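To start, the structure itself, in structure tokens.
We just call them A, B, C and D in the order they show up, numbering each chain from 1.
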Amino acid sequence: MNSITCAFIGLGKMGRELCGRIGGAGYRTLAYDLDPEASKYAEESYKNVTSSALLPAVKNSAVVFSCLPNSHHVSEVVNNLLQQEGTLNKVQYWVDTTSGHPGESQKIASELMSKDVIFFDCAVSGGPAGATAGTLTAMVGGDHSAFGEVQSIISSFAKNIVHLGPSGAGHAVKAVNNTLLAANICSVSEGLIALKKYGIPLDVALKAISTSSGRSWVTQQRMPEHVLTRGFDYGFSLGLLCKDVDTCMGMLQESNIPAPSLRVTREIIQVAKNILGDESDHLEIVKIIEDWSGETIE
Amino acid sequence: MNSITCAFIGLGKMGRELCGRIGGAGYRTLAYDLDPEASKYAEESYKNVTSSALLPAVKNSAVVFSCLPNSHHVSEVVNNLLQQEGTLNKVQYWVDTTSGHPGESQKIASELMSKDVIFFDCAVSGGPAGATAGTLTAMVGGDHSAFGEVQSIISSFAKNIVHLGPSGAGHAVKAVNNTLLAANICSVSEGLIALKKYGIPLDVALKAISTSSGRSWVTQQRMPEHVLTRGFDYGFSLGLLCKDVDTCMGMLQESNIPAPSLRVTREIIQVAKNILGDESDHLEIVKIIEDWSGETIE
Amino acid sequence: MNSITCAFIGLGKMGRELCGRIGGAGYRTLAYDLDPEASKYAEESYKNVTSSALLPAVKNSAVVFSCLPNSHHVSEVVNNLLQQEGTLNKVQYWVDTTSGHPGESQKIASELMSKDVIFFDCAVSGGPAGATAGTLTAMVGGDHSAFGEVQSIISSFAKNIVHLGPSGAGHAVKAVNNTLLAANICSVSEGLIALKKYGIPLDVALKAISTSSGRSWVTQQRMPEHVLTRGFDYGFSLGLLCKDVDTCMGMLQESNIPAPSLRVTREIIQVAKNILGDESDHLEIVKIIEDWSGETIE
Amino acid sequence: MNSITCAFIGLGKMGRELCGRIGGAGYRTLAYDLDPEASKYAEESYKNVTSSALLPAVKNSAVVFSCLPNSHHVSEVVNNLLQQEGTLNKVQYWVDTTSGHPGESQKIASELMSKDVIFFDCAVSGGPAGATAGTLTAMVGGDHSAFGEVQSIISSFAKNIVHLGPSGAGHAVKAVNNTLLAANICSVSEGLIALKKYGIPLDVALKAISTSSGRSWVTQQRMPEHVLTRGFDYGFSLGLLCKDVDTCMGMLQESNIPAPSLRVTREIIQVAKNILGDESDHLEIVKIIEDWSGETIE
């Protein structure tokens, strides 16, 4: 049993898996969620995990993990804790696995620094399945020299851990990564519809493309496993993807970068979100592109 | 030594490598190119390969391979041969490894069928390096039942051989594959420029993305090996890429498919081709996108 | 009564109005349509217009007018007549008011020239209402030196007659004009939706824009009269608009011109055509853009 | 001589013309600019205009006009004045002719309301030439019931005065108007290049289009008078146009409106701004599109 105690805040689809991996790696983990059912579930499902209220969880931990819908939520929790005298005394590190916003992460980092808490933005890629398997990629921003101590905890859920620069860098790369994912979903859909109209079986076409220069994770995994099957069951919501893409659009806007390809991606997924709603699977973007031509990808 | 004799027409950068692999696999190969230096070079460099004029090469072969700049060239050679009585008497199969046009391949196939020659469009992906190593992907269209006999010859240069449907199907999938490659070059460039402006080292960012959901062959291979190095030395010309993308655009147009993502890709690479010329490396598209923001990907 | 006899081929919504204006100007006009009801209607409705079969109409005329769905139809009629020995003996000029294709018009012109018939492509803009009022704009291509003689007949229906160059020039400018119309429909729709979401009354906004630098015929006429009213009743079909835009796209493709703005227009109206059908009014494009945001322009 | 005294803050290219028209209409006008040369110039050039420092100008006026680079500058001046006790006591109305930002205008309006000053955003369209001639369009937002009193002053420089809604409405419509202007510059440029490649004289083509359905202020005025002449001398800077387009993009983003046409416009003009700089004429966008195809519009 490891002597470091961790707090884990936010036990949604992704958070609970991360929390379970940390506990499973031998860290005593105090789990908190707004929904008491969620923390009870975590306690019952994972080793070394105990349900806790927010304040005691943080008070008794050296490392706090958060996994929330967006940086705004993280900021609220942090501000709340900063106003409770002494709550953060024991805390040395805060690791935020939210798909967050680089600019807001920089602000949170400097606020926590006033209490000697070192903040890392630690965006993860690989989905709940990758979390369960411990094979996530972690994209980390924050003080490199202090990173060693949390890296070993992060390695309980991530196989590829990449330190990318100062605060916000992890969230920035995650935002770009997810925008590329969205771009690939759009462009691959359009290409497959052209092949379908041509009478070519799409499973075979994807097999060919996936060993060729046009390949991407979308041709290799998303399309064959979740779209051709008509399952649309990956489990990553369109609303969350759109949030990440908007973070990337903000970065492009701030730096005056013309980006016609990524911009057209944003317009397409915005159509999908407006028509299908936040809660659809992110792969349902495909359905909008299908409607435009009257052809299905199957 | 295999008893089947092959003709190989077109000994450019790609063709000579394919020709060398066929000879190396033990097939007697008669090599022809408009440029006599090219066929002399093939004879000197590869096992079982003999330089030959066009007519005798075809007259003495059971299988003809072609690797030409586009389907129009293939059509010209085929029409030329069809007018020479008896030239195709021994030929059973014609395998066209050109990055060709699906519609023109259908026409060539039906013309050759009048002389009992079975035509396969056999587009390849993997570049000269993949040819040398014998690890290409071959995307094949044509009569499936007759495919077995040529498949073993094709396997001398291709590791993944995928039969995709009737005549033209191989060229159609290749056109879509290369259009996805072009789309990825554009969108990844835009994303990397955003990260560069943010101060993030791009080699590390590419490492993170390349194990995450936004990954593609462009993040995994093209960018780190040929762009970050500022080499732009992959060896696939912008002119040839544009030809393939235009084939895909034709397919979209014929089937009335709206494809905003692939279309914007075409507009960007057309700018690159107009400004940089046909002979630039296809990765120099990146330079146009860099000029738009004044930031370089390195 | 003018001594020149005209034939008029194609008596659809637009053609019959043009035919009526020519007759009304005092030219004896022999009217032909595939549908006998249409030529009977023309005879009954207009002065100096007589219903006729195709061959006698052409045989007895010095000037032939055509107004057909596209250049392909014109080409068929011309080829048919060329095969009937002597039919074109009296004909000096052929004026094609179809929204045609520049390249096909060039071919038709050279075929007719073999029988000493001078061909003019004479695209018109202004719709059936403009035809009735005789206020159309005519965009003409063909031999300038011979143009004087037909110009006075054309002036029976067009107020602005512009000679633009050799054969095909009229159809080329019409194709670009209609593509700009389509582009304006799309961009104005997007802008108005932004203002609607902001709570601004659109009739007033259009009044302001229509005397400012962002104005276009779409802000001045199409939107206030046919969209804000929710009438969508201009009477120009989406299918015909798409045909003209595709002609323009072909021109861009042939000349390797990157045109991201016009291209995105084509993708949007292709979506509209696939979903709403050829027969919708061209302004119903607006409905697709409305669906994307869930906001209506009214 | 009218009894109302006006202050005019900001005497750039546009501001000084507006100031001159107000003075010319008989209003005593106190003119202020950061650059003393500018206010001296206004005093010397226009009737009833006196150069003044900022505080006395405002202290002695019932109506304050501002014409500054953007809303941020307006906000700074207003905040500065609000901190000087009593400065705004006499002021009843503030009319901001800046091409401003709707959201910031709402904030300024509510701040000024605390001192009983009624704020109107009054964006103008028509350029310095329209100001000199008094033929501008004014797009006004703010309290409609109070508008009558300032409307007569505004009519000294504007012919079309349109009240569009509450605070910010004028700036919102101006932003959309200028974005449509930018969109038209892009799409017309692309279309003209296609016609140029086809060998059609562009002055004649523009004449045809400008009486047809594809017409816009860009085909009727900007292209023939400032681009075909190669003058690029309209006098409205690219930097200011981009600012207005970005205001429109912000409105689209806030309301989740997919707008592929306006978005592609923004990407193109951002390229132009990055390459040509803020101070270029807004029509120099054309040069970027020309470079893409290697063809000039002349």
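Please note the rule applied: contacts are C-beta pairs under 8 Å (C-beta built on N, C-alpha and C of every residue); 3 or more make two chains touch, one makes a residue touch a chain.
Here the structure is a predicted model, which is why all the values come from computation and not from measurement.
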**OP:** Could you run down the chains that neighbour chain A and chain C together?
**Re:** B, D
Subject >> B-D or A-D, whichever has more C-beta pairs in contact >> reply: A-D
Subject >> Equivalent of A-C within the choices B-D, B-C or A-B, defined by over half of its residue contact pairs recurring >> reply: B-D
**OP:** Let me have the rounded angstrom distance from the C-alpha centre of chain A over to the C-alpha centre of chain D, please.
**Re:** 43
Original post:
Where the centres are mean C-alpha positions, what is the separation of chain C from chain D, in Å?
Top reply: 37
Original post:
What whole-number Å value describes the gap between the mean CA coordinates of chain B and chain D?
Top reply: 53
**OP:** Scan chain C for residues touching two or more other chains and write them down.
**Re:** 256-260, 264, 267-268, 270-271, 274, 292-293
Original post:
What topology does the chain touch graph have (line, ring, star, complete, other)?
Top reply: complete
Original post:
Okay, in this complex, where on chain B does chain D touch?
Top reply: 260, 264, 270-271, 274-275, 291-294
**OP:** Over in the complex, which chain D residues touch chain A? Could you list them?
**Re:** 246, 249, 253, 256-260, 263-264, 266-268, 270-271, 273-274
**OP:** Note which residues of chain B are touching chain A in the complex, please.
**Re:** 102, 125-127, 137, 139, 159-160, 162-166, 168-169, 172-174, 176-181, 183-184, 186-188, 190-195, 197-201, 204-205, 207-209, 211-217, 219, 248, 251-252, 255-262, 264-265, 267-268, 292-293, 295
